[in-house]
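Two complexes come next, and they have one chain in common, chain A, joined by chain B in the first and chain C in the second.
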Partner chain A sequence: MNRARVARLFGTYGVLMALAVLIIFGWWRYDNFLSAFNVTTVVRYNAMFALIALGMCFVIMAGGIDLSVGSTAALGSVAAALASHYGIVPGMAAGIGAGLLVGAINGLLVTRARIMPFIATLSTLLAASGTALLLSNQTSVPVSATSGFINVGMGMLWVVPIPTAIAVAAYALGSIVLNYTSTGRTVLAVGGGEDASKLMGLPVARVTFLVYLASGGLAGLAGVLLAALGFAGQPTEGVGWELFAIAAVVVGGTLLTGGSGSVVTTLAGVLLLGTLFNVLNFENGKGWISLSAAWQSVVRGLFLLVVVLLQARLTRSTSQKA
Partner chain B sequence: MGADLLLAMQGVDKRFAGIPALSQATLEVNAGEVHALVGQNGAGKSTLIKVLTGYHQRDAGEVTFLGKPFEVSSPQQAQAGGISTIYQEINLVPLRSVTENICLGRAKRRFGLLDWRAMHEEAEHLLNRFRVRLDVRRPLGDFSTATQQMVAIARAIGFSARLVIMDEPTSSLDEQEVQVLFDVIRQLKADGVSVIFVSHKLDELYDVCDRVTIMRDGRTVRSADMSDISKLELVSQMLGRDVSKMEGHATAFSRPPADRSGEVVLTARSLAAGQAVRDVSFELHRGEIASFAGLLGAGRTETARVVFGADPTRAGSMYLDGRAYAPTHPRDAIEAGLGFVSEDRKLEGIVPDMSVADNLTLALLPRISAGGVVDEGKQREIVDRFIKDLGIKCSGPGQKIRELSGGNQQKVLLARWLAMSPDVLILDEPTRGIDVGAKGEIQRLIRSLSDGGLTVLMISSELEEVAEGADRVFVLREGRTVAELAGDEITEETILAAMAQGHVSHQEPGQ
Partner chain C sequence: MTDAPPWRSDGALANFDVFGFLARYGTLIALLLLVVFNLAFTRNFATLQTLNVNLTQVCTIVIVAVGMTLVIATGGIDLSVGSIMAIAGALAPLIFLSPIFDGNVAVAVAVAMVSAILVATLCGLFNGWLVAQFRIQPIVATLVLFIAGRGIAQALTNSNLQVFRVPEFQWIGLGRPLGLPVQVIIMVVLVAFAAWMLRRTRFGRSILATGGNERAAELAGVAVNRTKLAVYAISGFCAGIAGLVVIAINSASDANLVGLGMELDAIAAVAVGGTLLVGGRATIVGTLLGALTIQLVRYTLLANGVPDAAALIVKAGIIALAVWLQQQRRT
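Here is the complex of A and B:
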């Protein structure tokens, strides 16, 4: 009984343990790994991915998928950069607005036109990417140096980088929505049994629309951070971000089939993948071995597989019940 | 007996998270016999079968098959070893052809390529043994459930099964199809193949089975020849209590003495929808149990879905409390005071990965939320009350509903709608796939709800349930209401006659 319980806990929180192990490993092996500078850099940079993964987590729990988040972030960064000359608020609003627009289109395609989420968001991936290139004349768009927009990326809230604070706030809100609101419960119900949810009179279409809208909005916000961190709107960034987000969600123990999941472990998934990247950089810095970007990618892929395999093995032994 | 013993499972133990699901369970099946495996939900039947087919690994005990120890770790290995299972929900691939469904996994090849002609021939040959003729090139999904079941059996035989396990094979078949299935079972028997037959329908067991093993609380209570055990004995051993009081009534319904119907609540005139509903009219009176009777495909469920706003109408009109009622979405129906417990519990009822508490309160969420935030205290209070009132057996409100027995899942679904305090509750096959004891409980519950003023529309394929439970019966036939019966007119004979002939025959048929 205790063993099964431990296994179940590990299935759910395994990602947290893996994260802890990785951090301890880094602390033991590298000087400066836990220095304020390194930690701040990692959490500042990964805030973008965290926001995207949060949206992805909700879409996946509702039984869908959103492939458009990467190019939506690119579009958001261009929109934010263009609007940053009018001030911080217009810059942020433009980025988030662009994301909400793409999210709304995704939501309508899935709920009204009844197109499969994979196809619908693949189309908007291409369309958003093209729009970003058109708006930017196919080159990066510098943000205003005078309006203070850069502070959104580089500023600090006491000891916490502002992007990190934004991401933490978003996750806190997401966790409350999922666990304590009827909308959150409905997301899980729709993902776990769409027919049953319809017959219960649950607002299936509205909730489905909302998760895509949220995912788009969060991707737009990630675009705002991208522009503020890179001092420019970057129309060609964001390639493959959707896969990073899906990986983080899956490592966090959320089922790709929908119907169950957790916001907190998704955040841990983002940090795990981000920390791994950081560890590989440190390893290169040690000069023992030199991993090219290609090899780093291979190592990350293998690591992801190991974590998911471990989780699958552990949860399988506990979920078999008559 | 020892000589032709095919399967022996002895002293089998299985625990889940420390809780015993099987303790010292025993099952012995002879060659060429049809062996009934009965017990309430949760008695351990499914677990025993899953242990046998390698889906679960046993904690203790011996399994001998064909005289040798039988050790498998997956249903595929069990199949290769001669034990095939036909599940309640047929687990074949509906989009692929009948041939592929029969031959997949042991495809015939010529020059390294699939030999389609030989495979089609083999599929036809296997089906012909059961006198089933069909175009094996067509997708399996084109055929009825009954036919798909034959295909599943043919597949098992194609894998040279010596033992075929059928888990409630008749639950979605009509009377005639059941007879065809029984012919197939007898044919299997004649060929020396043994069958383990799991069913909740007593009459069927006596029709087709030679021996029976009764399970209760994970133990084997008794094994006997069918001819040596009476129905009453069988039921009482399944339930583990004295059931002599159940004599006389096959169901837990008891008809109220007088006509007690109140005013008309819901009227439907000449409803038509899709292909299945052509011309259906009925009136529901307050506080009565009305029932749709009819064969499979008569349009009963389809009519219910239309009334609940889940499917659109083509023609016709409805009135609720005298006002025009035209729901376009289940939400409209729910707001108007209707509830609907669907026939397909797994797909349209429960959300399997969610807790009992969430499943019970999902439809209620808007009413127990303030500003979108769920009032957890109120939720907890409602859930606790219904768990207690309906006697829902679970480890707690947080337990996942998929882990509950069918009867308890059904109670949660009933509670889901009762918590909404509806005026009209539509129950589609409320007791299907539920063991005898829980069935009686649910029937009594339905009656007490109608006594409390709830209007119930019950769809049931079990004639005795309709005949004993309903105050008013509408007989549907090929999408049309062909008869309305009330009070003393309601007998199994009159319902059957209307279903068969399309009218209530007070005169000679054929007029």
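Here is the complex of A and C:
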């Protein structure tokens, strides 16, 4: 097997292998690592990040970036908490709707005003955060205890936590859209070369708009989960989530240059970062080392470093072959 | 299209390029309008105290944004500045409060400042190394220190708040030689030096050439890699200074808070100031004006009773508008 082939295989399956190794390590080393409680907790709380990373993955594949997802989630959680008193459906609709609104503004800024994605979404990051603070009077907004809204976060669908079920459904849908619809193929074409796509007559503006809309909607949905899991809309939560999502997408092997990527490995990237966090917590519990939250972010940064260095080497060797 | 000024008799005023004019002077005009508005409507605006408040608040942003401008001019971005500020801010008190200097305050403060800024510069150099050597995209390369850097700062201090009262050190944030705050002097010197460097030196031209077209610059003999290393190092250096200023003003260093969100403020100042975000064209004075405009907008709103959250939304609008205007000029 030549080197380029190894590189490509590693690029696709590396994150899955790393995830498998990490899980086996945890199972071997810690007693309750694969207990039902630990597993449901991990997948329940990482569902929010998974949703955000899915939207981010699509935006990045289309050659853009969305920095607004964190504060959009905060805004979504506030909107959902405010509307949760009218029931589950209005609560969810308010959160997702707020997200879609931010996403639509992003899409218009990028496609119509032709502002660079980085700056367009930076400004909506600020605006969404300001709106969330205004709506909530700068404090957390309790969700309704009686309307059943909390079940969206804490409920179970047979053995699967509802947030996890939502995330899995979203990823399944995302994978189908990416691989089996013309919209999905256009996303990759736009990311690969916007001008070429335009010349080929592809609906570049529409698809670009759609990825930002989807990213906003998914961030709003993550906000719904945030409100339901934390029992409150949290206007100041979500700081730095966009960077976590970007890290997950990169770890999942999607290149930031756009034009290629995978939905499934993005999910693996989210799980890898989440499991790493979980393993560090278990290691703390063992008492051998005491990794404070500070050291955990150092470890996460180092982990990202290793991944991007590997990616840099691999992409160079594959591009030399190609 | 000629570059004839619109007021010349041969150039018909009908040809006047509104967008081009606004893109070039919009920030300055906005700043002047804001000043006029405040003079008319905000009470106690024309006082030395107002000037002082605004300048001290904007200083750290400008200091960081100078380095950010250079990085962006090469076509890069530096997300790690806030975390580097936290590292410098955590390190300095550890040194000047440590007992090994045995009460020799002057030496302790000197060692603390030099080593904190040195470490910050090394952090920047690390960013540059990732970008130049491994060709990692700047946004990801600097994401590493964005995540890890604050963790390092928290680990250095065990996430404890470091409180101190060391006038010799805090002079950098509280001193007033000739009635001017020290950090304002630092800011002015940095801005003047960087503006001169960008326009008049070979290094400055290399920065713009790298950002304009990297391949062409390389073929033309520009040391692209070394230029990139240098701008990230400078960005780290600036962030280090800003970190020291912030903790000096606060008389305390909180690794969780120092420099939090600074990368966004700095990038916003650069964007509003008129620097092209894809690189190749940059203006340090524009960055200063951009930062002042954002600061003054916030001050105007707050002074007139608009809540801070609403000011955020206005700030967002200004950033988008400024960049949109520049876009009109390019096309």
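For this structure, a couple of remarks:
To be clear about the criterion, the second predicted complex is superposed on the first by the 307 of 322 C-alpha atoms of A that agree within 3 Å, B and C clash if a C-alpha of one lies under 4 Å from a C-alpha of the other, contacts with A are read in each partner's own complex, and residues count from 1 in each chain.
In this text, a contact is a pair of C-beta atoms (placed from the backbone, for glycine too) under 8 Å apart; a residue touches a chain by one contact, two chains touch by 3 or more.
Keep in mind that what you see is a predicted model, and the values were worked out from it rather than measured.
Annotation: superposed three-chain arrangement on chain A; chain B versus chain C shows a clash.
Counting residues of chain A touched by each partner, chain B versus chain C, the larger count belongs to C. Once chain A of one complex is fitted onto chain A of the other, the partner contacts of A:21 are absent, as it touches neither chain B nor chain C. Of the two partner chains, chain B is the only one that A:193 touches; chain C does not reach it. Look at A:138: by the touch rule set out above, it reaches chain C but stays clear of chain B. By the touch criterion stated above, A:154 is placed in contact with neither chain B nor chain C. Contact with chain B, but none with chain C, is seen for A:185 once the two complexes are overlaid on the shared chain.
By the touch criterion defined above, A:309 lies against chain C but remains apart from chain B after alignment on the C-alpha atoms of chain A. Comparing 20-28, 182-190, 218-226 or 254-262 from chain C against chain B in the aligned model shows that the clashing stretch is 218-226. Across the complex, chain B is touched by residues 1, 4-5, 180-183, 185-186, 188-189, 192-193, 195-203, 255, 259-260, 318, 320-322 of chain A. Interface of chain C with chain A (complex): residues 77, 79, 130, 134-137, 139-141, 143-155, 158-159, 255, 261, 264, 267-268, 271, 277-278, 307-313, 315-317, 319-320, 323-324, 327. On the side of chain B, the complex with chain A involves touching residues 16-18, 21, 44, 46-47, 50, 56, 308, 310, 329-331, 333-335, 340, 342, 344, 347-354, 358, 362-363, 365-366, 369, 372-374, 376, 402-403, 416.
Interface of chain A with chain C (complex): residues 65, 109, 113-116, 118-120, 122-127, 129-134, 138, 239, 243, 246-247, 250, 256-257, 292-302, 304-305, 308-309, 311-313, 316.
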